[in-house]
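Below: a set of structures, written as structure tokens.
Shared chain: chain A. Partners: chain B in the first complex, chain C in the second.
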Partner chain A sequence: MLHRLRFIPGRLIQSIPVAFGVTLIVFFMARLLPGNPALALLGQRATPESVAALSKQLGLNTPIWEQYFGFLGRIFQGNLGTSITYQQPVTSLLAQAIPVTMSLLGLALLFSLVISIPLAALAAFRPGGARDLGVRAFTLLGQGMPQFWLGIMLILLLAVGLRAFPVGGYGNSAGDHLYYLFLPALTLAITMCPTIIRSLRSSMIDVLESEYVGTAKSKGSYGAALFRGHVLRNAAIPTVSVIGVNLGFLVGGSLVIEKVFALPGLGSMMINAIFTRDFPTIQGVTLFVALFVVVVGILTDVVYTMLDPRVNFGAKEQS
Partner chain B sequence: MKRRIGIVIAVAAATALVLGGCSSASGGSGAGSATGKPVKGGDLTIARSQDIISMNKTNTFDNNSLRVMEQIMEPLFMVSPDGKTLKPWLASGYTISKDQLTYTINLRKGVKFSNGTPLTAADVKFSIDQDTASGAAGWGFINAAIKQVTAVDASTVQVTVKHPWGPLIADLSLFSNGIVPNNYGGKTAAQFYDAPVGTGPFVWDFWKKGQSLKLTKNANYWQAGKPYLNSVTWTVVPDSNTRKLQLQGNQIDIDDTPDWSSLASLKTTPGVNATTFPSTQLDYIAFNENRAPFNDVHIRTAISDATDRNAMVKAVLFGNGTPAYSMLSPGTPYYDNNAGGATYSVANAKAEMAKSSKPNGFKTTLLIQSGDPNQSSIAQIMQSELKAIGITMTIQQLDPTANKQARLAGNFDMSWNLWTMDIPDPDEWTTWAVNPTGGSNSAFTGYNNPAVIALNAQAAAETDTTKRAALYNQVQEQASKDAFLDYLFYSPYVFASTATVHGFHVTPLGNYQLEDVYKTK
Partner chain C sequence: METPLLSVKSLTIGIRRSKSADTIIVDDLSFDIQRGERFGIVGESGSGKSLTLRAIADLLPKGVEVLSGSIRYNGAELIGMPTVQRRRLMGPEIAMIFQEPMTALNPVIRVGDQIAEGPRRYLGLSKKAAMALAIEMMAKTGIPDPARRARAYPHELSGGLRQRIMIAMALSCGPKLLLCDEPTTALDVTVQHQVLKVLEKLCDDSGAALAFVTHDLAVVNQTCTDLAVMYAGHIIESGKVKSVFHDPRHPYTKGLLDSAPDFDQPERDLVPIPGFPPNLAARTSGCPFAPRCVFAVEACTVAMPPTMEVAPGHNAACIESQHIFEGVTV
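Up next, the complex of A and B:
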């Protein structure tokens, strides 16, 4: 097993140029935006004189290449610079926002699996049947509803109507966080489900029609045992890559959800940073998201390798 | 020496004169009313769309931050609830010398910082000097007239000004001149503002960035028996719909600035009070006089005449505002309610166009901020009104920071903007707006009328309130004739709260005093 995971160090090394490219693009794209952070900080009282004075104070007058190499140099010391708006290390701002977004994504992923696997199985066992049609209707609905609308509907129903959940916020303790994250995670999960269900359903149908399932059935395996032992694992392989790709998108999707549910995550941090031209924060968030996508890609391959013994990325790379 | 102890009457006389008795600036439907006996205890939660940025009073311009720091650090003088006068706060009174150049300010006895140290003149001197030192990168400009601050003895401060300066007491009432311990109590400015200390009703507790900020009761507060609340928490809830739902779900007590569109439904929601408070906000369109044909007063007047202000109040504010006919707002001292601002008349607009340098019309653009539906409505109304008088106007949208950049660079034909006052004195705005050397090249318009500039300077140097009122009337009237801005409307502040919140009042400057607020069950 372990020898098949030998591809990981190689992948990590490959991700270095990717991350470098991201810093380069983000650093210069952010600075292409008209207006600078001093302008944003000074509000309606901004004058050419005050902008110049504050820019100088904030060190925005140094040449841009010098700023870029300073930024690169600091990264290797684990320092992402100081937020211009908050005058605090970007790493400490990230340390507050990352757990929020990551627990939201984690919980959303868990919910979507809990919803998707049974529904996909239900649909796949008799394609075209009433249950299949019901599940397909659900996927259509889930895909058609805009996230923010679904979020507001869930709030109205479960938080305002039934008072079962809070209307947005993040709470103060770990238990609180779970409670506060339930609705936003459910919202994300419902919009994520359709893709997972569709992929899982079609691969389950393929697997159910395959010869080895026929053999298993003829040996007397049926129901849950057949599902667990022969169907799910094989059907899951294409779905894992669907989830992997989707997780990357979800970071972007969580932006809207964070706004609706007033969650202090990466999305709200990024939006504020862009509006106030807080360059170091924009760079920090983007770099983190880029690394996250790379890591999810690697993890997807790891899960692949574990699910399917025939997959051996290491061997391919060596040959 | 003219002695003026006790109540500061800086602008009271002028107010009475101008408003002729209708000075009651009470809010709308009652969340502000402090009827009944105040109840001690309770925790207040206020939700608003954005987080604070910093507690540094000398260089923070963001309103969300200011409203918090005002609960911690207090100035020598405080604006009255109607925004028209000033009352002694950490000061107990002041006298002014005959030559109008020296203000001797007595400090209130028995005031302590929240850490227990008594307030002294040295703290006051340090605090004001720090603000002055922030210069152009901070609020230092507000103290531009101050020559020197001297601690005479422990409870007396002397402020000398470079020239007679009417707005001085108003300047000292600004949060940036709020009083902090001398030398920041031995800390650096950065360390100090991480957890600021002041004489205010509340004490810094914690700030979870992007999420919430909490202040707790100051046990050493100088107003006996206050504050009533044990704590105040501001939460960040960007979506106005979510704030509204949180209010209905009793998760928050006050919703800071609900959408205008939701105000009517909030007003009829049981257990919820939705209240408007008069503000000093003026929405206006600035003409760039450095670009033809906006250097032509007929063109500016024609556009101002063609502006349907009532339609804007209806479409943008859902009727919760009033059309603007002066560069000053009704919530500002020396507001002239007969300042002669343009009124809506397409016929007059056409007549002005005929007299102008472009009788057959022209093409132009209006710069607004992207992502703001209110500004889009304003722009669309302008677009259709101007079409009727032969002007083809396109709408240019830029995000707020890029928009500011374009205005500072003078890179626009017409641009939407708004102004709100920070001190109860018109000078902050009039000098910015009519004086090309006031920092912003006359609110980025290039407007330059020597007569108005002189009148405005004269008004600022005057300490007699009656004379000031007459001068500011002239400034307002001439500015209207010159149509250097197209005044649109005055909009109030809007807050929604649960019916258990009492004593919550917002002044026209936007500040609120939470030591007066209490909660019932």
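Up next, the complex of A and C:
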């Protein structure tokens, strides 16, 4: 087991150039947006003098390379700069927003597994049957609905209509957070489910027809024990990488959903920063998201390795 | 006479169709297996041997089902028995060994745990005791260093070891009937022999009866006491192995023996059977072997010949049997 996880340090080293590339792209992309951040900050009626003064104060008029290397150097000191709009260190803004977004993603992932596994099993048990058709209709529907629209519908139905959930916000205690995150996580989960269900369903069909399930039956296994012991884990293996890839998309989805549900997470932070051309914040968030995607990639391979004893990424890289 | 351990009567297996006539794959099959008997089933590819075994084990592939007939185990009817009840027989009463041990073992579970699964369920053993039994069973099948190998995954073992694992698994709950579907076909010749020996010995020790499907007539000769020859879903000849091999009474069996290398006369010429096995979709009313049979007369194409006792305990389904084989000693 452990020797098969030896690929992790190598994978981390490999991701250094990726992270470096991300800083480069992020930094220059932000600079290519039209408009001057000092102008955005001061508003339409600002005098050219005050704009110039603020630009100087923010370091916006030094050569762009200098700005970049300064930025890079500060990153290594754990300093992502100061938010232009909030006048606070970007790191402390991130420290507030990251737990919100990560809880949202974690809960969304949990919900989508809780929804997908039984539905996929229901569908795979008799392909082409009534239940299978029902599940497939659900996946089509789930895929067709835009996230923000679904979010708004859930708000109208469950929050405004039934008053079962808050319309938006994040609350104050941990229990509160869970309560406030429920609807946005459900929204994300419903839009992520179709992909997971489709992958799980087809691999479950394969597994159910495999010879080793026949062997398990010939040992007297049936029903839930057969499913837990010989179907679920085998069918999950191909789905792990599907989930890994989709987690990246889910971060993108959470940008919009956080805005819809007024959650103080990375998404809201990012959107506000883009509107005000708050470069340091944009850079900080993007950098974090890029690193997150890299880490998810490595975690995906770790889970893959733990589920499938035949997988050995380390051996592949050595040979 | 006591009830046979397994009694198959008029078993018909096929694919049910709503719009047209059902496709029949195994037609009106009957045979008995007594306690401790070693029953061989031979026949060419596609004759329905695997499906017959799978029907006994309730492992028919999707879409294929038992259309009619009866399978009695120890007097109890298996056809129509609820799945839950039927699965409870699998392991302690009936067990099965498959042709390809690589695909028959779950790739993500340690082989020791796979063997221990049955004993935990049926013998009420603790995890530890079941593992101890698994290791003991592995030792019995001649796996060296079984305690270490029990922690291996299937892909870490050779084909021969994997098939021994399958044998250990099948016998772990002490079944009375072991179904084997070409258990040695996927193995090297030398390994084949060893695995077969282990299988025979363990069945001898436990007194388990064997239903053994194979292509290999030499293996039947070595392993089995009784034999059924299948052709296109029918048993066309059956009896004691000795009797059938030395005095075949169906032209197909004769052809099969002539087309296989002889264990006693290696220099004899091999004679292939002309033609091809019949197409199941275009089933005719007569003897399915008639189109390839050099002895066929008109009556052969009219109706399926009845099974007749040609010698004590030796049956053949050929109306011309007497003309063809009478006075001819092989």
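Just so it is clear, the second predicted complex is superposed on the first by the 319 of 319 C-alpha atoms of A that agree within 3 Å, B and C clash if a C-alpha of one lies under 4 Å from a C-alpha of the other, contacts with A are read in each partner's own complex, and residues count from 1 in each chain.
Just so we're on the same page, a contact is a pair of C-beta atoms (placed from the backbone, for glycine too) under 8 Å apart; a residue touches a chain by one contact, two chains touch by 3 or more.
Note that the coordinates shown come from a computational prediction; the quantities given were computed from them, not determined experimentally.
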{"item": "Joint occupancy of chain A by chain B and chain C, clash or fit", "value": "fit"}
{"item": "Chain B versus chain C as contact partner of A:K217, first or second or both or neither", "value": "second"}
{"item": "Touched partner set for A:N79, first chain B, second chain C, both or neither", "value": "neither"}
{"item": "Touched partner set for A:T276, first chain B, second chain C, both or neither", "value": "first"}
{"item": "Greater chain A contact set [chain C / chain B]", "value": "B"}
{"item": "Partner chain(s) touched by A:T23 [first = chain B, second = chain C, both, neither]", "value": "neither"}
{"item": "First, second, both or neither for A:I155, with chain B first and chain C second", "value": "first"}
{"item": "Chain B versus chain C as contact partner of A:S50, first or second or both or neither", "value": "first"}
{"item": "Contacts of A:T300 with chain B and chain C, given as first, second, both or neither", "value": "neither"}
{"item": "Which of chain B and chain C A:L93 touches, first, second, both or neither", "value": "first"}
{"item": "From chain A, separation angle of chain B and chain C (C-alpha centres, steps of 10 degrees)", "value": "160"}
{"item": "Chain B versus chain C as contact partner of A:P309, first or second or both or neither", "value": "second"}
{"item": "Shortest CA-CA distance in Å separating chain B from chain C in the superposed model", "value": "47"}
{"item": "Contact set on chain A toward chain C in their complex", "value": "209-212, 214-223, 229-230, 233-234, 237, 307-310"}
{"item": "Partner chain A, residues of chain C touching it in the complex", "value": "57-59, 61-62, 83-84, 87-92, 95-96, 98, 100, 103-109, 117-118, 121-122, 153, 155, 166, 169-170"}
{"item": "Interface residues, chain A side, partner chain B - complex", "value": "33-36, 39-54, 56-57, 85-88, 93, 96-97, 152, 155-156, 159-160, 163, 166-170, 259-262, 264-265, 268-269, 272, 275-277"}
{"item": "Contact set on chain B toward chain A in their complex", "value": "47, 50-51, 53-54, 59, 61-62, 135-137, 141, 190, 208-211, 235-239, 241-242, 245-246, 248-249, 251, 398-406, 408, 417-420, 439-440"}
